[in-house]
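Got some structures for you, see below.
In the two complexes below, subunit A is the common chain; its partner is subunit B in one and subunit C in the other.
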Partner chain A sequence: MSKIVEIDAVTKIYGGSVLAVDDLSLAIEEGEFVTLLGPSGCGKTTLLRMLAGFESPDRGRIRLAGEDVTDRPPYRRDVNMVFQDYALFPHLSVAKNVAFGLERQRLDRAEIARRVGDALALVGLADKAERRPHELSGGQRQRVALARAIVRRPKVLLLDEPLSALDANLREAMQVELKHLHEKLGLTFVMVTHDQTEALVMSDRIVLMKDGRIAQVGAPAELYNNPATPYVASFIGTSNLLPARISAIADGRALIAFSGTRCHVPAPTGSAAGQNLMVGLRPEKLRLATATDMAGEGRQILDVTVEESLFHGNSVRLRCAAPGGDILLVDCQLTQSQVTIPAGGASVRLAFNEADLNVFGADDRT
Partner chain B sequence: MSTARLTLFDRFGNGTYALMILCVLAFLYVPIVILVIFSFNDSSSLTLPLSGFTWHWYDKLFSNRDLLRAIGNSFYVASFATVLTLLVGVPAAFALDRLDFIGKRMFRRLILLPLVLPGIITGISMLNLFKLVGIGLSLETVILGHATALLAIVVTQVFARLQRLNRRLEEAAADLGARPWETLYFVVLPNIRSALIGSGLLSFTLSFDEIPVTFFLTGRDNTLPMYIWSTMRRGITPEINAVGTLIVLASLVLIVVSVILLRDERER
Partner chain C sequence: MTRDRALRSVVLATPLVWAVAFMFVPYLIIFTYSFWLKQYPTFVPAFQFGNYLQLLVDPQYYQVLLRTAKIAILVALSALAIAYPFAYYLVFKVTSARLRLTLYMAVIAPLWVSYLLRAYIWKTILGSEGVINSFLVWIGILDTPTDIFLYNQFSMVVTLTYIFIPFMVMPIYTALEKIPRNLIEASKDLGVGPFGTLFKVIWPLSLPGVFAGMTFAFCLTFGDFVAPFLVGGPDGVMVANVITSQYGAALNWPLGSALAIVMLIIVLGIIELSDRFERSGRINLA
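== the complex of A and B ==
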């Protein structure tokens, strides 16, 4: 595998003062499905537009397949984009929309017709070739936009929130379809989204951004299970973030106290006894303990009071208060319908494993 | 539920509505119908009752050299004034939409001014200018005058359309390998076609029947409205009705042409 996209210390400043992308470096492997994830205003779209060539970085270089393309206009870059609003040409038929990029390459007619036919067949719109974009549904337009972008066989396919305009059911189906398309074509996909579920489902690697910088890069499971900062823990999935304090450190293990309990965890680098920390614990890693469950062997028990329980169909989310006043969210999977859901005000015991705690140093509070 | 919450239209039914529409249409078109009818009436006085059908006035029209020349002049002036306004107006509209320059707002207001300025002012001021630089009056000076007065129409129409044009379309074109001129030709122009055709046709018809500016700027040659106006001193002749009928016919053709040209612009 070789690096197809290299972003090297790129900075983009809007209007002289708004720092959209801040000294960001990232390498993308050929054939990867990379998602740029983050809240609006985190610079992910700007980064994508710089890859496409619609914006030029104020500092830094962008290389595509080893070639420096930083100063090249969009029409001289071997990337294609699926736009958020699709940007289909309203005056052209579906087939002409898809053919547009090939016609600019001066390919011969037979070749264009063949490749347009293939691309439309791939997205399942072979029978809509002569329609105009306005005669299609949202999902069909999305497919035309996809066909139009992949028909040129770009080195990198850029997707700008491609599913945001679709309704929920269609969005889920398209997530799977896009993933399959990626596997089938073997192209490099770079997608921008603010939807963490989309990112988790589809990507090989997620680049979580914040304020123009990368908060964490990694495989979806890695970001979910080992978030580097509380920000990552709370942006991807839900996490109980609780203040903790180091009581003692020995042999690289720290004894920390939080929410009325004590745990042994790997000591964060540079930490010392008496220091304040933050621990993260996913709601689904907590479970209701039975009366016979005891602490030990890495298992911990918390005594809490249920404040509220919210029924989600396949699960129940409990809002519990720990003795210190910390609020803990607990997700109970309703795998068996006879599971009794504790009512508000009930005292319950929660069990969790020390290994499921995410410990964050005091300095990466952000 | 269905209580007596009836509006006026509910009470009197669609009949009232239809009658109202008929009145509006009559108000608009009765004069034109009268003009057409009298152009075929074989009496030189415009009085009822109609005396009989004749092609005489059309024969007379087509043998009137002055009138034919005036019609030719009008076509010449209107065509070139339209081409000139489009050539100047379309780039101006693009500049307003795309470029950021000092005094842009001022430019936008100033370009609209000739539209609201009475033609008589445009006429007199341009006459002064031409006198000053020593340009003799001719049909070409009329073309310049018309183009000035009509520029605002093209600029506003094209500018409004450009503002509504999705800029992502141009990015998509560039992304798909289109050079800037290809984007302009294959994406932008087809999408502002209705504004181009619409403002072009409007310029043409306005120039075709323009009098005040023409009055000041023409040399010895006369355009059709000027000719008609000058013959009016001898009263309305059925010949003029015949000319009017032909113009109505030409307008209908123009409307049909524009409808055909704009037919597949219903999307978006």
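== the complex of A and C ==
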């Protein structure tokens, strides 16, 4: 595996003062599916547009397959983009849209026709070649945009919120389809999205961004299970973030107190007894304890009062109040329809494993 | 309720009555005249096609129609050649919205100046005592002022192009502004440079504006009689001038009317044609 994209200390400032991308470095391996994830304004789209060449960085370099492309215009870069609202040429047929980028390459007509045919067949639109874009549905336009971008066999395929304009069902189907397409083509995909589910389902690696910087990079499961900061924990999935305090530290393990309980966790680097910190606990890692469940062997028990229960069909989300006043969300999978759902006001015992706690240092409270 | 309805009728009827009384009725009168017969010293009611026939066989008349069409086409093309790059520059190159508005207004502002004055200006630029001649004499290219700039078809095309450029800039500007920016980005992303993008994306998508502007410039030129009068000279006579003289000195209203009807048909034909072009090329940008 070699590095196909290297982003080296790139900074982009808009209008002299708005820092869109802040000294960001990132390397992308060939054939990877990387997602740039983050809320709007985090700089993910700017970063993608800099890869495409629509924006130029104020500082830093961008290399593509080892070549410095920082100062090259978009039409001299071996990348192609799937635009958010597809950007299909309305005056051209589907086939002409797909052929658009090939006509500049020195290919003969037969070769162009063959490659356009292949690309359209790949996205399942071989029979729509002569249609105009406005005669197609949203999902079909999306496929045309995809065919148009892959037909030139770019080194990197850029996708700018490719599924955001589709309705929920279609979006889910396209997620899977895009993932399969990625596996089939072996191309490097770089996708921008603000939808964490999309990122989790599709990516090999997620780059979670915040304020123009990378908050955390890693495989979806790594970001979900080991979030580096409370921000990551709350952006990807849901997390109960609770203030905690270190009671004692010994042998690299800390005894922390929160929400009326005490746990042993690996001590965060540079922490000391008496320090305040933050712990995160995913709602599905908490479960209703039976009367025989006891604390011990890394298991902890919390006594809480149910304030509200929300029925989701396959699960129920409980909003519970811990003795200290902390609010805890608990997701219970309804694996059997006979499971009794605690009513509001009921006192219940919750069990969780210490290993499922995410401990954040006080300084990454954001 | 009835009062509302009455009010609505009045509001709707006023422009209708206006159009009928002051447009359709006069057209109808002219249409009727076009079949009358010239009989010295005036003309008498009749129904015959002699006037139209005369337009077809007498070179004096069909040539003036051809000349008018030629000048109208030249004006439309030269206005396009100037207006398109200008509108392109405004829409795609000027980044400051304020500068864009200022430049746009600078083009539109002459519309508030008297038409006569604007035509007259060119007399002072192109004339033998004019700016160009004075300059050429001053730098020594010419010994004496030349009259080649004024009173010919060239001076007509220059003057009319200047006068009708705003009508070309406005629709082209609007058409260019409507082109989604991401289509231009998509073109570049697909490896097509600025020129290719201009010819393959921007130009085709701006054609409705081009058609509209060309129609304006052509039709307005076709009916113009002031510019020929001021800067035209003997070989710059256009249809409208001939009509004027038929109604005036020649006292041949029937022939003048026939000419006016032919002119009306040509202009309506052009408008219809351009409308069809625009309709067939209309593209769903949404």
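Assume the second predicted complex is superposed on the first by the 366 of 366 C-alpha atoms of A that agree within 3 Å, B and C clash if a C-alpha of one lies under 4 Å from a C-alpha of the other, contacts with A are read in each partner's own complex, and residues count from 1 in each chain.
Here is the rule we go by: a residue touches a chain if its C-beta (ideal position, glycine included) is under 8 Å from a C-beta of that chain, and two chains touch if they have at least 3 such contacts.
As the structure is a computational prediction, the values presented were derived from the model and not from experiment.
If you put the two complexes together on subunit A, you find that subunit B and subunit C bump into each other. Judged by the touch definition given at the top, the superposed model places A:280 against neither subunit B nor subunit C. In the overlay built on the shared chain, the residue A:342 is in contact with neither subunit B nor subunit C. By the touch criterion stated above, A:268 is placed in contact with neither subunit B nor subunit C.
In the superposition on chain A, subunit A positions 52-54, 73-75, 79-81, 83, 85, 87-91, 100-101, 104-105, 132-134, 148, 152 are in contact with subunit B in one complex as well as with subunit C in the other.
Those residues of subunit A that touch subunit C in the shared complex are 52-54, 73-76, 79-81, 83-85, 87-91, 100-101, 104-105, 132-134, 148, 152. For subunit A in complex with subunit B, the touching residues are 52-54, 73-75, 79-81, 83, 85, 87-91, 100-101, 104-105, 132-135, 148-149, 152. Residues of subunit B that touch subunit A in their complex: 166, 168-169, 171-179, 182, 186-187, 190-191, 193, 264-265, 267-268. Against subunit A, the residues of subunit C that register as touching in their complex are 180, 182-183, 185-193, 196, 200-201, 204-205, 281, 283-286.
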